[in-house]
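One chain, subunit A, appears in both complexes that follow, with subunit B as partner in the first and subunit C in the second.
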Partner chain A sequence: MTLSSPAIPRGPTLVERLPRGSALLVPALLFLLLFYVYPLAQLIGASLPGGSGKNYALIFSRPVFLRVIAETFRVSLVVMAVTVLVAFPYAYAMANAGRRALLFLTIALLIPFWVSLLLRSFSWIVLLQNTGLVNQVLLGLGLIEKPLKLIRTETGVILGMVHVLLPYAVLPLYSVMKKIDMRLMEASSICGASWFHGFRRVYLPMALPGVMAAAILTFTLALGFYITPALLGSPRDMMIAQMIAGQFSEQLNFGLGAALAVVLMGLTALAFALFGLGRVLLARRAAA
Partner chain B sequence: MQNNLWRALLAGAFVLTADAALAETTLTVSSYGGGYQEAQAKAYFAPFAAAHPEITIRQDSPSSNAKLKAMVESGAVDWDIMVTDDSFGLDSDAEWLEPIDYSIVNRDKFIPGTAGTYRIASDIEATVLAYDANALPAAPQGYKDFFDLEKFPGMRAVWKYAPSGIFETALLADGVPADKLYPLDVERALKKLDTIKDHIVWWDTGAQSEQLLDSGEANMGLVWVSRAVSGADQGIKIDWTQWTSQSGYWVVPKGTKNREAAMKALEFFTEPAQQIAFTQYMPYGPSNKTAVAGVSETFKGNLPTDHLDNRVLMDADWWAKNGADVDMRFQEWLLE
Partner chain C sequence: MSFEHRALQLDRVSKHYGEVRALEDVSFELRKGEFLTMLGPSGSGKTTTLRVIAGFVEPSSGALLIDGRDMTGVPPQRRNIGMMFQDYALFPHMTVLENVAYPLETRGVKRSERESRAREMLGIVGLADFAKRFPKQMSGGQQQRVALARALVFHPDIVLLDEPMAALDKKLRGQMQIEIMHIARKVGATVVSVTHDQEEALVMSDRIAIFRAGRLAQIGTPQELYTRPNSEFVADFIGEANLLRGTARREAGTCRLEGPGWRAILPADDPRAPAKTAAVTVVLRPEVIALAAEGERPANALTGTIEDRIYLGVEFRLIVRLADGSAVQVRSRDLARISALAQGDAVTLCWRDEDFVVIPG
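The block that comes next holds the complex of A and B.
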């Protein structure tokens, strides 16, 4: 018996279906595989000693861990919102500034960016502590009678973190904003829109990709903050990274530290997915 | 031009091989960096190299118990000797350490409690009650005063680290006799700490503790002796009525290729001459009992070993067994 089935037209193979130039991605993918995926797999392995999930059971049974995780996300969200709100007008000014002003704004943004994180946190201590500059000036002017509690509070942590993260929000916003054609705003005002209306309906939607990028970047970076909350916050402002570091370097409990890191990563991935979903929904609304 | 370059390279290679022929062994020693390691280099490493031309010492820093553990577990042991803290080098850490070879190192020369199976003390350090003499109405005397908010109002700087001695301090202040501290009554200690919780400023790094006292942010603190001593010109004084031990230890990572040379070096580092030289540079006492009386004048009176009778010896083995649980309870308490 011969099986002479009619020749089915063969579809493109997997390799053929890849977009052109995919081969260029190979070095980057190999790098990621070797230096990201492989250590990550090892980390996940370390969190499951002998295949037992006892580290995860511990994390979800002791309130201390869940509380710190919830706190980390809450603080990161606040920091993200404040950073983007502060960065938006700054980036707007940069995008619409003359050459000299742009140079000045860029330098003012980048010089603190190059200073060590530890040094910047200590500088905030010098400014914010009860015997610090801010309180001494206010006391000296007679505006307050007792020093304000600025340091070892959540305000201190947020201030310090926003300061560190500002460039990460300004730069993506700026790169989007400088491509926005300001004549569109003129056009909208010619059509009778108020400045605010034009801003809301014309400028903001075009700047939105920048806002999204800035928000994602600052939020993810904020989740991993370690030294700033340690120096500027109270123990109640502990973030998850401090706990992970403590498990690795003080307790030498690599398993629990790895499990905490995996939980943090999982929740971060979840947050990313939500961001992505939000973007799709926004795009759909815009298209409708 | 090209020729000169080759010649220079060749000369360099020649020097390198000549060097290698002379120094057959290279010992890599990891310490905590900074002034501490510089003092060790001057007092220990340089004289050792002079006495043993066949051994070269290569320095690394900073020491990290976690890194040592990872080195041994991955089979890539780059360190031959490491300086560590109280929490490491105990019998429960046998997996990662070579036992001290007491046929090379003389065990009898050490102050009691400072020579173990896997570690020997390099120096005796302390967490002390330091205070700002300009800001307090009187000099505090002992841990009871540290908890006395009426006599001594103001903020207290404390290390945010469960085995820092804070539990022992609280229990002693609460009236527990020093010889009945262990097993620690954790809940009782936390209850005592509750009474000053709102007046504690926690510190994470040594620099931070010094900054808190110098700026007047806190007027009392439980800080490392070296940090207290360096605030002396700002009016920071030390109350030696009670102090908790916090020492530096030498350990040898398991699987080092230079075990014997490492043991020889440890014996040399802990000899009186070297340990006395060390007290010129750092306010830490010697672990060798015959060196205690001969310490340098530089910090005399503020060396922990000048006050050995008042030492609260921390039970490192108890901490090794219970540290993880106590730490978790401590973190919970901090968040309350």
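The block that comes next holds the complex of A and C.
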């Protein structure tokens, strides 16, 4: 052993400090950088012509923009609630089905998922129009005297959007529910609980992470819907994505369109943050 | 016999799943405060019986009575039964206190009262300081006590234990067996337990019900099952048993039993003696067999050669090979004489009249 000046231990370089396998992330990161981050920066730049915030000032001062934004949020909330309510029993059935029933339920859920969004929205027009299947059946049964106005209404929009979003709610719910041990419900009933009591006190709290995931996914996806409200709604049911498209393709006001897109993104991020906060608070309460 | 209230009564209960007969004609009764263990290999029907009592399985035929009341069509939540599940099935999102108070909550007991009763029960199972914990923050043994407290807190008519020791390590088992038995006795619970561990059954139970292939093979106190098994299956399942095959013949006021390398005599009026010539199996426990004295010709005897002689401290274990090639196990504390024997020596073994069981066939 030689006595020399004590070697200064060299800290690991930045590259050495990265977790193993980080190199595998490089293609994905490059892709995101090139096709997502860069255009996004361009978009934000376009929304601020010459560094001026006049587009944003316009959005927040004109009632028409604020009304469309508020409408978009309201419709998205309704769609979220309806989708989760419809998805919950479906996911429950899947989680507790035998193998064959599960296969059937999965196929029934995913086949529409593979059909183009445009095609599905047109199908809803066929079903919901005044001479469509729904009205003809109701008329034929004598339940109504003249056709219900289903298309070009908010009801039509919500129906179409719920249909499109259903798999996004069912799948996260199912993945949580299939891990719930049904013996806990047996334990609940032998403890004297009715099915409903056990559902409320045992099953639902355990399914809650799935409900949260389904809600946030459907809500944020609903915020950006374009084709379905355009085809099934009236101009009064316009959502923010339609307005953005209008600014780009009809008004040719790229700056305002870009600003609206940035506002939508900001509000979506806010919604995400609120859900995230809710989850943290929920987890903290459970651990307290 | 005077009318007596039974805590639990099963009357010819059967359960069929299509062609599969999971349970066939099972009948037994339980006194209040009794501890019954259902014992048997897997698939023997003991767990199905437990689930029938709980109300998770509706029997195909037969009747189930709790405290004299017919339970047909009564769902689990209205049976007033406590149950400890195999993996405890504690509610993971509730504290220990909430778990134990849950059966009181479902019965509409006020919060303050149910908390004080749950705390009292936690005290009985020795977990008074753990009320605010969550199940996953506790050891297996502690979780089991929580499950037991939840099963007992509402003074159920019957308490069911499904494989109570299966999730515990061996060291903890012995301790919890005694402890659960004491707690059950303390609160006066009528208990039905399920296990495939015969030692656990012997330690904990007032009576044991042995199941085989969906049927109740025999029910009785541990002593009854050990000393008077009614079948080879029961004899073999509880403790160690030597099964000697042979024939029984009536002759001159006695009943002679004989097989390759062994013989025994029963008085003609002994209830074990078959009425006429028949094939029999004699059950001999290893510890009732002794070395015959030098030159003695005992009435009940078997002869063979020593194949193995294993020293176990307090006793010897001998393996004796009979003429027909079958082996007999002997446990003996006659250390001085056995020490003098060697492998290959011919020996004559004997046993007392009252120490053996005769099973037809």
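We adopt the following convention: the second predicted complex is superposed on the first by the 253 of 288 C-alpha atoms of A that agree within 3 Å, B and C clash if a C-alpha of one lies under 4 Å from a C-alpha of the other, contacts with A are read in each partner's own complex, and residues count from 1 in each chain.
Following the convention adopted for this analysis, a residue touches a chain if its C-beta (ideal position, glycine included) is under 8 Å from a C-beta of that chain, and two chains touch if they have at least 3 such contacts.
Treat the numbers as computed from the prediction; the structure is a model and nothing was measured.
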{"item": "Clash-or-fit label for the pair subunit B, subunit C on subunit A", "value": "fit"}
{"item": "First (subunit B), second (subunit C), both or neither touched by A:His197", "value": "second"}
{"item": "Subunit B versus subunit C as contact partner of A:Ser188, first or second or both or neither", "value": "second"}
{"item": "Which partner, subunit B or subunit C, touches more subunit A residues", "value": "B"}
{"item": "First, second, both or neither for A:Pro235, with subunit B first and subunit C second", "value": "first"}
{"item": "First, second, both or neither for A:Met265, with subunit B first and subunit C second", "value": "neither"}
{"item": "Touching partner for A:Ala81 - first (subunit B), second (subunit C), both, neither", "value": "neither"}
{"item": "Contacts of A:Met206 with subunit B and subunit C, given as first, second, both or neither", "value": "second"}
{"item": "Subunit B versus subunit C as contact partner of A:Ile216, first or second or both or neither", "value": "neither"}
{"item": "Closest approach of subunit C to subunit B (Cα atoms, Å)", "value": "48"}
{"item": "Interface residues of subunit A shared between complexes with subunit B and subunit C", "value": "none"}
{"item": "Subunit A partner contacts - residues on subunit B that touch it in the complex", "value": "64-66, 69, 87-88, 160-161, 201-202, 204, 207-208, 211, 215-217, 323-324, 327-328, 331-332, 334-335"}
{"item": "Subunit C residues within the subunit A interface of the complex", "value": "54-56, 75-83, 85, 87, 89-93, 102-103, 105-107, 134, 150, 154, 160"}
{"item": "Complex interface listing, subunit A residues touching subunit C", "value": "181, 183-184, 186-194, 197, 201-202, 205-206, 286-287"}
{"item": "Subunit B partner contacts - residues on subunit A that touch it in the complex", "value": "62-64, 67-68, 122, 125-126, 129-132, 152, 230-231, 234-236, 238, 243, 246, 248-254"}
